[in-house]
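Heads up, the next two complexes both have subunit A, just with different partners, subunit B and then subunit C.
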Partner chain A sequence: MSTTLERLTEVIQKMTRNSSVEITEATVAADVPGWDSLTHIYIIAESEKEFGIRLSAQEAHNVKSVGDFCVLIESK
Partner chain B sequence: MLFNSPEFLLFLPIVFGLYWFVVQKNLKAQNILILAASYFFYGWWDWRFLGLIALSTVVDYTVGLQIDKHTEEKKRKLWLWVSLLVNLGLLGYFKYTNFFIESWVDAWSALGVKMHTSTLQIILPIGISFYTFQTMSYALDIYRGQLKPTRNFLNFAAFVSFFPQLVAGPIERASRLLPQIESRRVFKYEEGVAGLRLILWGMFKKVVVADTCAIYVNDIFANYTEYSGPTLILGMVYFAFQIYGDFSGYSDIAIGTAKLFGIQLMTNFKTPFFSKSIPEFWNRWHISLNTWMNDYVFFPMAFAFRQRGKWGVGLAVMLTFLISGFWHGSEWKFVIWGGIHGLAFLPYIAMSKGPVRLFESHKEKHGSTSILNLKSFILMLIPFAVNLFAWVFFRAESVGEAVRYLERITEPTSWLFPHIESSSFSILAIFSTLLLDGISQSTRLSLIWSRKSYFLMRLFLYLIALTVLHYAWITNNQNTFIYFQF
Partner chain C sequence: MKLLLSANFSTQFVKHALQNVSDSGESFIWSEAEFGSVIQSLFSIDRRSDITALVILMDGKNLENQFHSLSTEDRKTFGIDEAELLSQAVDHALSCGIQHVFIGNIAATAGAVHGTHHPLNHDGFEHHRRQWNQVIYDYVTRTHAANILDLERLIVAIGIRNASDAKLRVLADQPWSLSFTEDVANFILRVIRSKQGALHKCLILDLDNTLWGGVIGDDGVEGIAIGQDGIGKAFRDVQLWARELKRRGVILCICSKNTESVAREPFAIHPEMILREDDIAVFVANWENKASNIQYIQEVLNISFDSMVFLDDNPMERSIVRENIPGITVPELPENPEEYLGFLQTQQLFETTAKAVVSETKDRNRQYQIEAKRLASQKSAVSLDDFLTGLEMKAIVSEFQPPDFPRIEELFQRSNQFNLTTYRYSSQEISQLAQSKNHCTWSFRLEDKFGHHGLISLVVGKIENECLIIEAWVMSCRVLKRTMEDFIFNSILETAQKLDLKELRGVYLATAKNKLVEGLYPGLGFQASVDGFILETRLHKPRDTFILTK
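Coming up: the complex of A and B.
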């Protein structure tokens, strides 16, 4: 069973169309080419589908790092 | 006060002198000066307008503090709504009341019901579309937790009313402008020179390019039934340069003036006619409004529609453009103009295989657009052509007139009608704009502005510009800037 981080990494790689980018808990959007604010929406949407959760606009806006994101996902 | 007026030419050096030679040691005094000068500048049009900007200022200052004070989501949202309702209410009343009244009446008369109403005599306070957006973004950013409110009313009031950008933008964000107001400005010679150069260039674009093109645009649009098809097309091109010269010229004067006071405003135009696609164009034209729309209108909508894939994005884009059109003016022609751009955008969304960069500023280097290869040149024609088409709606008196104008171009018989006599001066003016914008695309050629060894060449160019400017100033009437009506 993959971890949250692994599954989230797949989502990010898919939405930024870059399957080789390295994602760790410390990664932030600025580190990943192609992760702009619109891609951010797509990542949120895809994550909601992948993890079966629903995020509010505020939560989506406040996600700063991949680690934060994992914590948020697991709290749902 | 207009930028291209004698009173401004008197006003500016006086304020500049006071700012750097009298009150420069005291930040608070400098900010009081900014505030006083700005209210003076604004009140010059109509002192009654001052009450409105003061209202918007007081409301958003208070809202900012209140939102920050409360942690309960409901209370925070409530205060945010106060800001939105007051600002949009002001905007709605002064700008759109007559539109709603007339549309209401028109809708009923289409059903055969006659209504008697009189539209109200409402003067549009200048700049209202700009400063209400500026203060709303303050409240929104605090609500989103991206900004801390200021506890200094003087500074906030200066931020809202800062005269270079008060009347027609750039629409500044508090996160960029407020910190500059709240810290000491230091005079830098290079910044002062850069500021003057921008003012000169802005004046040139306005007085030489825009006002010259306006002569032909006004003639052609007023008499389009008597001119040939090619002339009408030329009219569209003239309008493109009129509005570009007018608006980017104003922005340059605003940015240049702010530089004289040690304040950096955001870039509003990045040689937009060199764009190779519609999305790129919207990254380079009226940047301050479009980033505003992106952050506060497009993004929340795209988020709300996020489970609908491309359709959701497309809908969000379309609605954003319609709203943007409406922002420009309380007439259907502006909405249509926006709609055309929205439609033009959709193919780019459909074509992409994944997430699309919309209003996001490109991280790719802007400066290297080369028009010297044919493919680039052809690509640049696409957004240009879309704009020419859409701008007919922007400029014509009404949607109906715009349609008739465009129909006329397609009529073969119109091509037998007389052509307009245009002057080589106007063509030269347009060409010089493109040339100078083109030069700024190249980092190498742009060195002409900074390298000490090119000083004489710069001096020579400034003298030519001033001469031409002087000539145009006398020949053309002193026209107001187009965007002052918004």
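Coming up: the complex of A and C.
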């Protein structure tokens, strides 16, 4: 069973079309080439599908780091 | 083809979806307007712009918000004013050389503060939305280069709740859900492709359990389900849909595994049948496999497989046809007949940008019936020459004339195979050509003992120095192999000789579909050269043809 971080990493790699980029809990959008505001929306939508959850606009807006994102997902 | 997206919301998602759903072979370059306002972005286009087409999208909710910020006084003519301003901005863009404009209509919004009489209340947005749409429809009707994108129908089909996404609206100024955005992108591309000539022209129908319920060979005419009762209604609705398509110019054919006389019986005598034998251009019922029967239909119609749609309830037959006929569209019909029509109506199978039915289009089915008879009589004729002589063909030659302009435009639009240069002349260009001193134009009508074919070929020649350059030559494939090409060549040659032009020059620009005419000019005696195909007029006599001038 993959961890939340591993599954989220795959989502980010897929949506940024960058399969080698390293993702840690400290990673923020600015660290990842291709993670712009448009891609952010696609990452949110894909994560909702992957984890079977629904995020509010406020939650999606507040996510700053990958670590924040993992905590948010696990709280659902 | 460079296209500019302009909308009253953020276009980045639509652009992304359009790029994703385009085929790799299509050379569309999508760009986004730099200004937030549609009007401003259109007026900022100038003559140096390299944009070919504009796509304008309006979100109803955003327009409604704009409306709600106005005083009662300013609301009075809001819908009309906004739409007229947009029309003027589009006119400006067209004056800068943009060739096509696609304007999305506006769907109803969910808001109805005035209750059930909201649509009647002029202080509510609904009234103005409808006026906006109407002004834009009128504008598109009178503006050749403008087209509607009927997004309202798309939204109605899946509902506002499924089409919109509140979170995306808040986060990214994007009114539509990601999946509906993809539907919109697919629809936009379908419309643009049909503008480029990629049209479905023919619907091939199976019979048992597709056009009626039951098996005619087993159940007999009185046993099949069609009409007012029970499941018969589902099939009646499919037939009504097919007949409306036929009225519009789509060719209907039958391809069924049945004994022909048995298969034809319901068309002739069943009182509830909507489709009659007259509606069908080519009727094939036998026990051979459907792929070869569709090849036969293709021979009679002389249109390409990728302009055909095949409907069959049997998954096995569908898969055989799909595998053996490259390019044909075979929808995966739902299992239950009551769901056929609803499914078919959402597939945009017969998308078109034609604004009105041209009268000759309506006669097309009859002409194919004549062609099928002719093919049969060709089989019985002793030789091809005897056959052609027996046809008693006569052609009428004229220049481009105003009453023919709509048909001329349509023929340039629809011809793909017998089309030497694939220029798609607009109606404006057609009327300019007709008046030009430097151009010669020809339109050809053909008739024979079986009937009239109508206007079947067009040629545009440009006079340059002492040379007549054949800029465009299209011909309906229905009249192939009749020596019509020779007759047309003679007309061109005669004009060139009369005008004392020393040389004819033919141009062939290859496309994926016009291989048929690759060898046309060499076949007519032209010599290949770096500038195209050349023929010296003084060295040539008219060619033999079986067609007389009427």
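Details
Keep this in mind: the second predicted complex is superposed on the first by the 76 of 76 C-alpha atoms of A that agree within 3 Å, B and C clash if a C-alpha of one lies under 4 Å from a C-alpha of the other, contacts with A are read in each partner's own complex, and residues count from 1 in each chain.
The rule is short, and it goes like this: a contact is a pair of C-beta atoms (placed from the backbone, for glycine too) under 8 Å apart; a residue touches a chain by one contact, two chains touch by 3 or more.
Small disclaimer: the values here were computed from a predicted structure and weren't measured.
Annotation for subunit A, partner touching more residues between subunit B and subunit C: B.
Of the two partner chains, both subunit B and subunit C are touched by A:Ala45. Applying the stated contact rule after C-alpha superposition, one finds that A:Gly34 touches subunit B and leaves subunit C untouched. Contact with neither subunit B nor subunit C is seen for A:Ser20 once the two complexes are overlaid on the shared chain. When the shared chain is aligned, no partner comes close enough to touch A:Ser75: not subunit B, not subunit C.
When the shared chain is aligned, subunit B comes close enough to touch A:Asn62, but subunit C does not. Subunit A uses residues 37-38, 41-42, 45, 57, 60-61 to touch subunit B in one structure and subunit C in the other. If you check the complex, the residues on subunit C that touch subunit A are 12-13, 16, 166-168, 170-172, 174, 178.
Residue ranges on subunit B touching subunit A, taken from their complex, read 144-145, 299-300, 302-304, 306-307, 313, 353-358, 360, 363.
Per the touch definition, subunit A reaches subunit C in the complex via residues 37-38, 41-42, 45, 55-57, 60-61.
On subunit A, the positions that touch subunit B within their shared complex are 15-17, 33-34, 36-39, 41-42, 44-45, 48-49, 57-58, 60-62.
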